[in-house]
Amino acid sequence: MNDHVARPDPTADPDIDPRRLPPHVFRCRVYYEDTDAAGIVYYANYLRFAERARTEALREGGSDHSRIFAETGVALVVRRCTLDYLAPARLDDLLDVETRVAAVRGATIDLLQTVRCGGRDLVRIEVRLVAMTRDGRPTRIPASVRAVLAGSQTPDIKNAERNQDRGMEHHG
Amino acid sequence: MNDHVARPDPTADPDIDPRRLPPHVFRCRVYYEDTDAAGIVYYANYLRFAERARTEALREGGSDHSRIFAETGVALVVRRCTLDYLAPARLDDLLDVETRVAAVRGATIDLLQTVRCGGRDLVRIEVRLVAMTRDGRPTRIPASVRAVLAGSQTPDIKNAERNQDRGMEHHG
Amino acid sequence: MNDHVARPDPTADPDIDPRRLPPHVFRCRVYYEDTDAAGIVYYANYLRFAERARTEALREGGSDHSRIFAETGVALVVRRCTLDYLAPARLDDLLDVETRVAAVRGATIDLLQTVRCGGRDLVRIEVRLVAMTRDGRPTRIPASVRAVLAGSQTPDIKNAERNQDRGMEHHG
Amino acid sequence: MNDHVARPDPTADPDIDPRRLPPHVFRCRVYYEDTDAAGIVYYANYLRFAERARTEALREGGSDHSRIFAETGVALVVRRCTLDYLAPARLDDLLDVETRVAAVRGATIDLLQTVRCGGRDLVRIEVRLVAMTRDGRPTRIPASVRAVLAGSQTPDIKNAERNQDRGMEHHG
């Protein structure tokens, strides 16, 4: 998934412009529990850091996954993820997990999450989330989540920008 | 909890004699996921091995915790546990987790679980389980679990032995 | 990564034909430790099952990652992985983790690992391993691992087949 | 271990008075990774929260376990721990892990750690740490750790108080 160039996407949600959302940063420390005998963070544990970051990004945006599920019966489920391991994190490292929205469609959200330490990229994670009903069927992303993804834009500004911005570079 | 000497216990279940139950042994391998940067199994992970052993001991005895919960609404919950770390387990070790029943009362089961490698005791774990209802209240241990704990004894044999064995050394 | 069609790959190792290697299957049970409050296996934990399967595939092929590292200073490190979550695994499920070799190059091994339950694919994982030296540089895959990947073929048979098989469907 | 009453302990370190150390509090959130299919925090995971709390208590006291090990070859290892599970923690709970020093001897430190939520005690953990050399032998607690345990007292003040305080109630 190339998130650097915007190709007009007919399925993209017209009311949400990922370029407008500032990236969210979640900070976490590496403890013994996260490491393995190779002296580095065990490869599966980056997915735990990533989940904490997504949960906090949602919470800080004013939403809450448990409340969403209780009210709408909809959960955001990971459908697919790709991890690129560039360099390892180590015991005592202070990590910054940055979360950016790459694309939003009716039922899916594509995120790019980057685990950094001291300004250096350690692991890049592409995550596709799907909104799912209790009985396991894809459904429309709940309104409260769409609100978080839309950031602080008003519908008027978004309409104007939408006409201008088609085809421009996608920072998300 | 001293499980080497039998003190007459008025609360002990009269139909279950832990000394009659052979210890159960569960074998498991240490993988990278279990270790930490100190090169040994992370201290919390022995509780995971212990849980696997308890689940398998129940399953091999003909019972099943999920089915029990579905049928009776009762779950066996860990109320208390003590871990003595004698020596560490390491990557690639083949561990034997032995489970012995130390005592059985109306609502509780005391177990002694030992993690061994190559015949050497690494960690000793004392576990107290309590049978709990869905709304969190202690209740009587379900019949199917009592059957597993009673082993292969018939009620007649147990009655005869009960009269003889009070005060004798408790192996469990 | 499309592992169904063989495109002549100039970097492919000429002595190893992944189509000749039978897939390896590793069986494991889902315990409470693997699940989360959604009632299913937590998304990161499939990477733990996958690692167990890779370790056992190597062991059953006659090699051993710790011995390899001790003797050569080379470790097989996960460089990249992609997980496709098709359906969830649940508490008490008996899972089969199948490992197939998709491609082998001088320093890298591409695997396709599939987590199944009752014959149904739950999660598909593509893994790229890189042979790395102690100081973090890619290096040639150790001889003992190449032997495992080569299966039981002799060099003569492989040479003959190599000439015939270019362009044919790749099962790996 | 009763930490409410001070019994004169001839092995206690005379320069460290646990009653003078204010308890340390570490705050952490419960995420999906910490829970299990029963809808609560998996019983082993409280030991991970407890370790984070100990590491932060040491760090905030001006010391650091990795630096200690690098400089002295001494590590603080868990020798024994007891967990009392009073009530469960759940997804999204904000937990406070309080760490108190109960006793300090030449090579050992006894801690009482309490996991709380909303002012309610959920899990009480007694931990015995032992200072160990690289070759696994108990040794004297390193000076930098003793400094943290001694809090902000000067030797003069401690001597005076030591004479007064024997036999008084032990808050630690």
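Quick notes
Should a chain be cited, it is by its letter among A, B, C and D, assigned in written order, with residues numbered from 1 in that chain.
Here, contacts are C-beta pairs under 8 Å (C-beta built on N, C-alpha and C of every residue); 3 or more make two chains touch, one makes a residue touch a chain.
Owing to the predicted nature of the structure, the values given are computational and were not obtained by experimental measurement.
Chain centres were defined as the mean of their Cα atoms; on that basis the chain farthest from chain C turns out to be D. When the contact pairs of A-C are matched by residue number against C-D, B-C or B-D, more than half turn up again in B-D.
Inter-chain centre distance (chain A to chain D, centres taken as mean C-alpha positions): 37 Å. The geometric centre of chain A is 43 Å away from that of chain B, both derived from CA atoms.
Those residues of chain C in touch with two or more other chains are numbered 32-33, 38, 44, 48, 51, 91. Taken in their complex, chain A has these residues touching chain D: 29, 31-33, 48, 51-52, 55, 64, 66, 91-92.
Those residues of chain A whose C-beta lies close enough to touch chain B in the complex are 32-33, 35-40, 42, 44, 90-91.
Residue ranges of chain A in contact with chain C, taken from their complex: 38, 43-45, 47-48, 51, 75, 77-85.
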